[in-house]
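Consider the two complexes below, in which chain A is the common component and chain B and chain C are the respective partners.
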Partner chain A sequence: MGQIIETDVVVIGGGMTGAGVLRDLALRGIKAILVEQQDLGHGTSTRNHGLLHSGARYAVRDEEAAIESYRENLILKKTVPGSIEQTGGFFVKVPEDDDSYIQKWLSACAKVGIPVEEIPVTLALQQEPFLNKDAQVVYRVPDGAVDCFTMVVDVVADAVNHGAKALTYHEVVDVITEQNRVTGVRVRDGFTGEEKVILAELVVNASGPWGAKIAELAGIPLRMINNKGMLAIFNHRINKQVINRLRMPGDADIFVPAHNVTIFGTTGINVEDPNDFSLHRQELEGMLAEGKKLIPSINELRLIRAFSGSRPLYQESTVSDASGRNVTRGIALLDHLKRDGLDGLVTITGGKLTTFRYMAERTVDLVGEKLGIKAACTTDQERVPHRKAEEFFKDVDMAPAARHKLSHWAGTKAAEIELSLKEKAANFVVCECEQVTWAEIESVIPAEGRFHLGDIRRRTRLGMGPCQGTFCNHRAAALAVEKGKATSDEAERSLHHAVFERKKGMDVVATGETAKQMQLMDTIYRVSLGFREGDYQHV
Partner chain B sequence: MYDVVVIGQGLSGMLSAIWAKEHGYRTALVATGSGKIMQSTGVLDLIPGADGGLKEWSELYQLAAIEQSQLTGAMEQFKILTKRLGYPYKGDIEHLVPIVMGSGHIKETALYPETISPIKEHGQVVIVGFDEVIDFQPAYIKGNLQKARPQLSIATIEISLGKQSQRTMTQLDAARLLDKKENLDYCIKQIKQQMTVREISQPDLFIFPASLGVENWKYTLEQFTKELGAIVTEAPGMPPNTTAIRLHERLKKEAVKLGVRFYVDTTVVGCKMDRAGIESLTIKTSNHTTDISGKQFILATGGILGGGLEVTSDGVKETALELDADENGNIIHCPENLYPVGASRGFSVTHNGITGGVYSVLSSHEMVDKLHQQAIIGGIRSA
Partner chain C sequence: MLELKLDELTFDKCLKCNACVSSCPVANTTLEFGGPKHLGPELKRLMNNQGIIDDKRIEFCTLCGSCDMSCPENVHVTTLTAFAKAIHSDKSGTKFRDFVLSNAEWVGKLASAFAPVTNFAMGMKPVRKVMEIVMDIPAERQFPKYRFHNFNRVYKKKTASTERKVAYFAGCYATFNAPEVAMSFIKVMEHNGIEVVKPDQKCCGVPMFANGQMKQGLKNANHNITSFLEYTRQGYDVVLTCTSCTLAFKKEYVSFLNTEEAKELASHVYDADEYLRLLKESGELNMNFAPMKVRAGYYAPCHMKAQGIGNPAMDILELIPGYEIQDVGAGCCGQCGTFGFKTEKYDVSMAIGRPMAEAVKEVDADYTVTECGMCKNQLDQLTDKTVKHPMQIVAESYERAKVLS
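Then we have the complex of A and B:
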């Protein structure tokens, strides 16, 4: 038996919900450890649109989800400002859409209290030139864009700053129970293979699509509906604000801007395996055909990659809705003592990215009640530190575009990065698409030295641009060896994994320029750099 | 009216134009881009990105019909040409040699310029990197090379070119600096210093990035070899590689010198056909559209990577003349006077995105021969 750690609460799952729960616990002074099988945000939390819902999408069909979304929309804009762009959003009716839906939608939004403003179509077309010229009615709502990568990382970092702990690449291999009571979990370190036991008063299952697996380890039944959606990314930002179809929510009817790109989606297909991230050309073709109604030039735009993730939907009674569209996006907070007679375990699931904070609040309220702790939630007021760092990097010798990026990005790491930028070669721009310097890469490599290009990508945007890491993944790996941050084997393994992962997302959209880019990647790695097919175990 | 119009200025296009001109044909070359030699490593592989000799290559590329004499003839012609251009290639297709790349991995290649020397199993090597060049990191290269060559004794040296740039400096930037004697001397001095101070024993081979001068490569190579007292090799890697840029620049100069008419930054937007085949191409530059007529046309626009073939959601398209292609990238009804060369010949002759230099040379040589035969038979010969 390996190490034994004791704490008050174990949070399973390093997605947005788990991150929110961890931070709420920490702010209320409850000792907690988060365990995540991969990296933070590995699952659904970074495999979505990045849409900060105003609630308007759910107003007609799911009033409760709409109310929660709008309330949380306003709170998150205040409390997580560094990860949110207040873009606003359009709801657009095109000729194909049902006329009668407009009134239903308007009155539902009014009932919930979502501010809706009609925009003259000519003005809408001026603001969004890619929009269908045949649009009939356009309304503006307070939708926004969320950077899921920074939000999950920042929320966890703030929790850690308040005394919590987070263990990534630690998979739960057992839920320890003693006489109808969960007393902890056994986790395995994905890098060393070492197992640890974490004993706790309470375990929170916030593992999203993996929720059923955790429940199974605890010996209780939990039926999740994992509803997989596919999304695709354009090589540049085609819209200033979010664009939605004004109709009952369906497939391929949302375009969300994200920094310099636009994310387009989505679909909904129920899958069994939470690890099913498969992508199908046919599904994409369907999306493009539908998306064309909002953005007629969609087939001429370049897609750089696609990805998929599963919405963890929960309904107590079994339903047979294959599309998953009719299952509530509502929150499910399950006290397994009441539900299954098993004490010490709580499951939080369902919900939306937009409502993660509220989900965490309710969960920690229940945790407090169970542990007899009476501390009030403050996450609706207390801010996660902003990402802006404009007072830094002014006197550093570096590429202007990279300076610009860091001054909007470095946040709490600004002083550290500024200092290391003065070291030899640290101001080199490693990733030219996203203007990532070595100093920034170094700042996100964990102290224990684990080198993982995927983790670096999620924290710096390295390799997220149109070249999809063709140049920068190799540079980052080589520099890591050069600077003693990785062994030659670690660098090679991570590089193989990174290239493989990028190609998976590119393959399904590989027509035109992206097909070319994929071949360039092959040519450079195999021919110019002499790499051969490796059979490394992917972490 | 041209006798031969070549579309594309990659290796296949450039060689086709030069050889056609050498046969005495009035030749034009139309190109949209800068040609894919620029992104290559400047060495001629058999199967790009994979191991395998002549047998594996001809099986993979379905080259059963090719005669050995044709193959060796084409390679000889390439060597003669590059020698004349002052950038001679050595090696042969029957005896591939291992060379070290800018990643430290080793690949086997057939023909390579004089700035490259094969890597041995034993002995002592020193890898020299420049602080300013991000895509060549000596310790990283050492790690990978050591795995492939466990018996080599490897040391690394990092020196500075003494120049700063806010842009990411490439191997080519370094090469242009090393064309100047003062920069070259400065580098040699630093290497000698480090060898002495760190007591690095005299190696058999020095490995540099593909940066040993562009115009003055010969002098740079000689100076390094003489002053360092060992064999010196370039290890090409992440493009741009100077090994390739030298070839591109010299081929282009030669073509211009011979009298090939270049239409650069020019896109073929259509063509006129008659029963015998293509009559003329409609070409478009930034300010005007015009027709150029020809008797024979060589399609050297490349595959997917080169832009000659495009994957669309409706299948594969040939981009220059908008001819129909099948799912393997083969043109379905190829006009009689159109000769596809290199990667324009479909996916069966590409591997990891490209054809490999040997195939490009062979197919250009073969096509020009064929076109020459046709011209004689057809009586449309002009002098």
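Then we have the complex of A and C:
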């Protein structure tokens, strides 16, 4: 029998919803532990557009989702400013789109209260030169871009700062029940294999597409619709603001700028397995054909990779809609005592990245009610620390581009990184595409020394640029060994995993330059570094 | 705010392979330069649709074009670095010295007007010491001499009536420092029955691009394009004797301006030896060369290599009976136009130039042949060999043949 930990609430799932729930619990003074099977945000939370909805996309079809989105849009801009770029967004009508939708959309937006401003097409084209010259009408809405990597990490860090605990790479292997009551979970440490028991008054299932699996462990039926969407990343940032099609929401009609790239998507196919992250060339071809209507030169623009993730959609009565487009994006909060007669378990699912805070608020309201704790939600006011660090790095000898990145990125770690840059001469740029210095990499390696290039990538953007880690992954691994941050076995294992994972995303878009980039990567890793297929098992 | 708009998408193709970095003369000499990959395609990508990033290290880029030649993906690296230079001077201002150096034509006019005084003063140590202190121009650096009888004073022909007609762009160096090169070219053309005119022209803009004076450079570019198109549209060919000016006409005007006019003009532009080679290929070249018993070393300027037309000077000089010419096979000279005149770049300039000096010494020819006036300046300072422009040699051979017959 392993370690036994006691707490008030266990939150299962380190995605955006779980992170939000953990922070809300912590701010209300409720003891809580979050458990995540892999890294924070490894699932749907970092496998999306990163679109901060203004609600305009849902205004016609799903008024409730639109209302929630717009309200949360305003709140998140205030409370998580470090992870949001207030880009604004365009809704663009191209000749293929139905004329009658415009009026419906305008009155739906007006009803919800979403500010919509018409922009002369010529002005829109000036701002976004890649946009279709045949665009007929353009409206501007307060859409934004979310960095979901930093947002999930920052929200959890703030929760931890307020007394919560987070265990990553801890998979729930059992939900412990006594009679009709959930009393805790059994988790397994993915690195050591050690099992731990966490006992709690209440368990919150916030595991997104894995929700049904957790329910199964608790012995109750839960039918989720896992709706897989594919997205592709352009090599560079092709637009200043979000670009949407002005039509009923469909496939491949959103372009969201994300720092130095643009993310384009998406599709929707229902899948059984939450671990299904498969990518298909045909699906991409379909997306490009559709995307061409907004961005006519789309086929000449280089794509660096594609990825997929599943939307965890929930509808009490099962519908047969393979595309999942007509299932609500609304929030599903299930009290399993009422629903299944099982006490001590709550499931929060559905919803949107944009509405994660509100989902958490409602969940913790229910938790408080069940635990008899009266504490009001403050996450609509209390700010997660900003990422800006402009007062730092001014007199550090480093590439201006790397300094520029850190001044928008370092946040609460700025002082530590600045010291490291100065004292340890850690100012050399390891990842050139995204300007990541060694000091920054070092600052995100956990104190217990667990070395994982994927975790570093999500926290620093290492290897997210055009070369996809061709040059920086092995540099980072070698430096980690040299500086005593990883054993050579750990570094090699992580390097294999990182290369395998990068190649998977590149493979599906590998035409033109990206095909050449892959060959270059292959040559460096196979010929120069002696990698062989099957050296390590990839999970 | 910088008003320059750059429709340049080739940065999208960069594979980060570092071919440009390993071929960059500056990056191979000093770590103070961020390298062509970072300051070219990488920086452009990091700024695209986002904020401007000003990187002072761009001052170390000489716009030599070695990166462009080495890139397997045909990324227009120097177009991107030239714009990074423009951003830098827009954000951080331009030193008075760099402003002066970028105005080579203006300096040339002034220096030429007082040529004897200028040359005398430039040879005086105290004067040079003051220049070093006030202007940051190193006292040890040799300067080209200025001529009172500059090319503008001696040649004013505006129309030609021969079948082939040449519109000649002399460039600041041949105009103010080496009118003998310009006159040799005119003689060579005369020997081929081709009349040469000198259309209205301004400095090609290369020293301006190199010092971040992009707006002024493009103004000059547009002036020259308009002026020379008037001639090409009447059947003139545009020929130049300076490799840097030639590269500007062929490549930089097109990639910086991206106009139809720039493209139209570029299709009529030839380096002088390239033009002679063309005449040879079409059987029009006067082959009446007097033999010359010379063993010469050819030094290819970066801006000749960057034109991607081989070694036309060697192709032509080899036609002279008895003339032996060998490529010294050296890289960049390190003078790099105005670069080598700057105190803070001087050590790098010398370090780049040394392997070239070694190569020239090793070949130990009678003299060195090169087209570029700035490369000549560095060769004059670092080697003890005389330096000649190929047109001077071709002209000499033709003249002797005329005397002999």
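Assorted remarks:
We take it that the second predicted complex is superposed on the first by the 532 of 539 C-alpha atoms of A that agree within 3 Å, B and C clash if a C-alpha of one lies under 4 Å from a C-alpha of the other, contacts with A are read in each partner's own complex, and residues count from 1 in each chain.
Following the convention adopted for this analysis, contacts are C-beta pairs under 8 Å (C-beta built on N, C-alpha and C of every residue); 3 or more make two chains touch, one makes a residue touch a chain.
Bear in mind the structure is a predicted one, so any value in this text is a computation, not a measurement.
In the superposition on chain A, A:203 makes contact with neither chain B nor chain C.
Between chain B and chain C, it is B that contacts the larger number of residues in chain A.
Within the superposed three-chain model, A:471 lies in touch with chain B and with chain C [touch as defined at top]. By the touch criterion defined above, A:114 lies against neither chain B nor chain C after alignment on the C-alpha atoms of chain A.
Once the two complexes are laid over each other on the shared chain, residue contacts for A:520 go to chain B and to chain C alike.
By the touch criterion stated above, A:164 is placed in contact with neither chain B nor chain C. Residue contacts after overlaying the shared chain place A:491 against chain B, while chain C stays out of touching range.
Within the superposed three-chain model, A:481 lies in touch with chain B and out of touch with chain C [touch as defined at top]. Using the contact criterion defined above for the overlaid structures, shared-chain residue A:238 touches chain C, although it does not reach chain B.
Touch criterion met: A:510 reaches chain B, while chain C stays clear of it. Where the contact sets of chain A with chain B and with chain C meet, they give residues 399-400, 432, 471, 516, 520. Against chain A, in their complex, chain B makes its touches with residues 39-41, 45, 48-50, 101-103, 105-107, 131, 134-135, 137-141, 143-144, 146-147, 166-168, 236-239, 241, 303-305, 307, 310-313, 352-354.
Contact residues on chain A toward chain B in their complex (touch as defined above): 285, 288, 299, 397-400, 424-425, 428-430, 432, 471, 474-475, 477-479, 481-482, 487-489, 491-492, 510-512, 515-516, 519-520, 522-532. Looking at the complex, you find that chain A touches chain C at residues 235-240, 257, 259-260, 301-302, 399-401, 404, 432-433, 435, 465-467, 470-471, 513, 516-517, 520.
Residues of chain C that touch chain A in their complex: 11-17, 34, 37-38, 42-43, 45-46, 48-51, 53-56, 73.
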